[in-house]
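Okay, got some structures for you below.
Next come two complexes built around chain A: one with chain B, the other with chain C.
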Partner chain A sequence: MKTKQKFADSRNRFIFFMLLPALILPLIFTYYPMIKGSLMAFQSYNLMNVTNIKWIGLGNFQKLFANTPGNIFYTILKNTAIWVIVSLFFQFTIGFALALLLRKKFRGSSVYQGLIFFPWAVSGFLIGIMWRWMFNGTSGVINDILLWIGIIHSPIAWLASKDTALLSVIIANIWYGIPFFTIMITAALRGVPQELYEAAEVDGANAVGKFFNITIPSIKSVILLTILMRVIWIFNFPDLIYSMTQGGPGGSSHIITSFMMQKVQSLDYGLASALGLLVILFLTVFTIIYFSVTKFGRLEE
Partner chain B sequence: MKSRKIKRRFLSAIKFIVLGIYLVIVIFPFFWMLMTSLKSSQGEIYAFPVRYFPKTPSLVNYKEMLWKGNFARYMLNSFIVSGVAAVCAVFIGILAGYVITRFKFKGRGTVLLFFLVTQMIPAFIMLAPLYQMLSKFGMINKLSTLMLLYTNMMIPFSVVTLRGFFASIPSEIEEAAQIDGCGRLRALFSVIVPIMLPGIAATFIFAFINSWNELFMAVMFIDVDAYKTIPVGLNALILKYDIKWGEMAAGTIMALIPTIFLFSFAQKYMVEGLSAGAVKG
Partner chain C sequence: MSRKLFIALIACILLFSMAAVAYAEDVTITMVESLTSPERTAILREIADKYEAANPGVKIEIISPPLEQADAKITQMLLNKSDVDVVEVRDSTLTQFGTNGWLADLAPYLEKWDEKDTLTSAATQVITQFKHTAYLIPYGFYQRGLFYRKDWFKEAGLDVPKTWQDIYDAGLKLTDPSKNRYGWSFRGGTRGYQYADTVYWAYTGVDKLADPNAGYFLKDGDGKTIFTLPEVKEALHFYKSIYKDISPKDSIAWGFSEMVQGFVGGTTAMLIQDPEVIATCSKDMSDDQWDLAPFPIGPSGEAVFPNGFGGWGMTSFSKHPDIAADFLLFLSNSENNTYFAKNYSTIPIHINAADLDPYFSEGKFAMYMEMAKQPDVYRYATEPQMYEAFSQFNSEVDQWYQNYLTDQITDDELLAYLDNYWTEAYKNEGKKW
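What follows is the complex of A and B.
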């Protein structure tokens, strides 16, 4: 009995010390600053004005939603919705279409997948630099190509104009996000048992029927999961905007998280933290609604 | 019968044309950056209509960036920081991932949740308190601080991924080693780790690439030139009113080189790893 107790002790100690480093670093460098950051949302906390740090309740939120002229927060909310919905729609549909073409393996298909997947390993910041140069208004290659095709008749200042800045960052974001869907959906498509299709053919199903009755239901859970992951991710992805436009001109290409980054850099931590809490709130509510609408949890079983 | 065959050929041709066009679209931005970086004169870089190929390829932009722009230093810093952080994260991940897969203990689910939650929170909310904390302890402007933060950043990913690899190895193997008289840790490092090497390498590469790419923490916590990493160096250039695109392009390509190199090794595992998740998911 005593040796058994001793054994359990040494086993627990072993588990504890093996887990310790993996727990202690995130506790100090992720959880602690996260909680402290959330509290800052309710403080007037500006490092440009250190003598005046105090609790202000919902003051930061009131400031964000204030109905004053020149408040760009409502534009930013609208931009965020457009950024997420339009990016996601095109990433998904184009990614899905490519996955259908890649379903049957061909010579070199794994190399092809590797090549199109490469942008995924590059930071959004670098991708943004590359697209900023391509969208350049006076020497940009995109203007050159569009003029050559005849879609436009004079060069456009894509990133410097309020009408086209958001469109430009969204185009770059679509380009960046397509491979993720392609890779995930290709794998899912290849996992659908061939017998299902053969059985449907015996029953005389055509291509469209097979697509809607077999393909879609078989990969539904992958589709739902990838879309959820991507919504959260696109929402939290200011990197491209940061290096392409810095949110400009005049906030016309800001989304919530890029605006938040700007507030951090201008040392207005209170406002930045309030924005961060809003992001967490939005995403939590979205995830809950998403789960209940799609009945995603039940699908898993 | 014959017309069906022709139709199938035709469809297959269209498929490969579409895939080909998409490949061009994926590669083009990288190609364009490379071409810009090899042009030597401002006239060539800013010519409109654009010139797709440099008249005589030149490395002058690279030289300028490496020595005058101090990018040789930044690259070295990035290598050291990312290398150390990736090794530490993988080592810590091995310890924790092993225990989580091989032992049933109270709170195991909570531990997994602990790692998953860190991935859902926008990182920016931590930056300000982190800055205060680091400056209180005199940790601003130190490469070791970045190593620590990147290790921390990659721990959850490392634990969760390595846990998957541990689960794929039958536990009989280390039980046999333990009967032979190995301690638990000896059995882990002399028997299991060698079998898992491909998975460990993929995890290491992923952690390295992510640390290599990290910008926002580095920008906030480093402002001494000698300790800047590549993204910080590029960030200083892109914030300028007048961007020199030849040098910018050279800097971007240099930042890409290790990624290309490592990705070509790990590509198979990364695609497979993601895909395995998709099929199970």
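What follows is the complex of A and C.
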């Protein structure tokens, strides 16, 4: 009896020591910086003067939500919602459509597939710089093409006008995000058993019926998961905005994360950290709601 | 496969540690640069190699972070007191580095320096600019000039603009949106506000300012700002008319590269920029297409612009301060500085530069020497960068100007914001010039 106890003890100790590195490393490299960074949100932490760091409670949050005339934070919240919803909608529908087209093999389909996936392999900043020149109002190619076709009669200052700046960055973002959905959905479609379609055909189902009754239900879990991932990624994707408009003109194309980058650049780490916490809060709440609305857990069964 | 990789890794580590032991007796001086470019790093390396050859046992290591993140990287390195001995200090980072106590006072080394007497007055002024302490030795200045399309001006029978009004008048004649031609390369994007500031100062003149380095405050004003002056309001209206009447609409989003591209690519007729654009123009345009003229004069009879600078400082926590300082002075001596300035297109810090190299007395650069001969017309002023409030201002003020230029807010609203911001900064931080 006693030896058995001893054996269990040493075994537990062994397991504990084996797990220790796996516990300590994330603690040091993930959780410690995360907590330290989060604490900055409640400090006046400006790198302009690190000798003068003090606790200010919710001061940074008050500054963000303050109702002063120059405060663009409410515009930024609205922009973030538009940026996520519009980008996601078009990325998903176009990506899905392309995946359906790619399901049937045709001559050169693998080359075509490669071309579609290309944008996904390029860095966001690079894509931003590319689109910034394309949208340039005086020498950009987009104006050239539109003028040539005759849709517009004088060049449009895409990135320079409050009405079109956000639209322009969203277009670039849609272009960038389509391949992700195409890749994921193409892969999921491969797993749908062909017999289901054959059976449906025997029953006399048309293409629309097959799409809604077989295709969608079969890949539902992939769709739900990719949408959730994309919401989080698009939310956290300031690269394009930063290299295309830097949030301008007048903050009209800022989203929360690009605004946060601007605050980091102005060395106000306290305010930037407060923004970071808000982002975490938004995304956590969203994920919880998303899971409960889509009953995601039960899908696995 | 992975085992081979592992062995290779171990071998590498051993090799490196052996190399480290072999060099253990050497002193390594680490230098971090901020405005990095492959060409510039090569020039610095050349000078460092010369120093190493003359001082056996000393190694110079140059760290060159990518340009966009360089200042953030440097801040992190200094914050953690990493092994950095010499650091690039810019007009925009001097306050931050100085306030945080990261820079050493170079005065004791400067006193013994045999080349201190040939420094230009601009250089001497910059050395002790922050808190009257010698925190850096500049490597050069970026003075702005007016680049213009010689061929277009000739074609239209126009004279070279001397004043801001001339620029507007000539610009109006050259602007023809149907041909995609505009008078002015406007900058409404990042740091475009600095152009508005030069127009304000051209209207007020430098003598009304509290200090050339605190260009938003009025002399004897106890923190009163220039933004309440009627002539600044007038200047602001003028600035807006430049955008509305002679610049591409798109230019409200333009930064450095767009404005230069606009000029070089044949969209705009005039551009105010740093000397580094000379190289771009020489490369992409023929000599009869462009020329360089002095900075435009305003109603005050003065042409006022920031004397932008960059320089080298020594960290306060350097382990080999004497050697680091020696290298810093070597880098700044007239021979090396002139060489650096010529290849990097900055204005050198020693008065004998033109004797050492005819490059500075002939060609396009001669214009700057002409400007230097009329110090009461061509004057320097700059934003109050010594204030901690400046970094936030620097990142958010462009949005206010963009709102004003696109008629979202009125002139009074913009000026009220500027006035409040700096009155507040003065109240919080006091007089810092």
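Basically, the second predicted complex is superposed on the first by the 265 of 301 C-alpha atoms of A that agree within 3 Å, B and C clash if a C-alpha of one lies under 4 Å from a C-alpha of the other, contacts with A are read in each partner's own complex, and residues count from 1 in each chain.
Following the convention adopted for this analysis, contacts are C-beta pairs under 8 Å (C-beta built on N, C-alpha and C of every residue); 3 or more make two chains touch, one makes a residue touch a chain.
The structure presented is a predicted model; accordingly, all values stated were derived computationally and were not measured.
With the C-alpha superposition on chain A as described, chain C and chain B clash in the combined arrangement.
Contact with neither chain B nor chain C is seen for A:66 once the two complexes are overlaid on the shared chain.
By the touch criterion defined above, A:138 reaches both chain B and chain C. In the superposition on chain A, contact of A:289 is made with neither chain B nor chain C. Looking at the shared chain after the overlay, A:85 reaches neither chain B nor chain C. By the touch criterion stated above, A:8 is placed in contact with neither chain B nor chain C. In the superposition on chain A, contact of A:159 is made with chain C only, not with chain B.
By the touch criterion defined above, A:118 lies against chain B but remains apart from chain C after alignment on the C-alpha atoms of chain A. In the superposition on chain A, A:58 makes contact with neither chain B nor chain C.
When chain A is checked against chain B and against chain C, the one touching more of its residues turns out to be B.
Counting contacts by the rule stated earlier, residues 136, 138-139, 155, 264-265 of chain A appear in both its interface with chain B and its interface with chain C. Chain A meets chain C in the complex at residues 46-51, 69-70, 72, 136-139, 154-155, 157-162, 165, 245-251, 262-268.
Against chain B, the residues of chain A that register as touching in their complex are 11-12, 14-15, 18-19, 21-23, 25-26, 28-34, 36-38, 40, 45, 98, 101-102, 110, 112-119, 121-123, 125-127, 129-134, 136, 138-141, 143-144, 147-148, 155, 175, 179, 183-188, 191, 221-222, 225-226, 232, 236, 239, 243, 257, 260-261, 264-265, 269, 272-273, 276-277, 279-280, 283. The touching residues of chain B, when paired with chain A in their complex, are 15, 18-19, 22-23, 25-27, 29-30, 32-33, 36, 45-50, 92-93, 95-96, 98-100, 103, 105, 111, 114-115, 118, 120-122, 124-130, 133, 148-149, 151-152, 155-156, 159, 184, 209, 213-216, 220, 231, 234-235, 238, 245, 248-249, 252, 255-256, 259-260, 262-264, 267-268, 270-271, 274-279, 281.
Listed in rising order, the residues of chain C touching chain A in the complex are 72, 75, 79, 95-96, 99-101, 177, 180, 182, 188-190, 248-253, 258, 261-262, 265, 267, 388, 390-392, 394-396, 398-400, 402-403, 406, 408, 413, 417.
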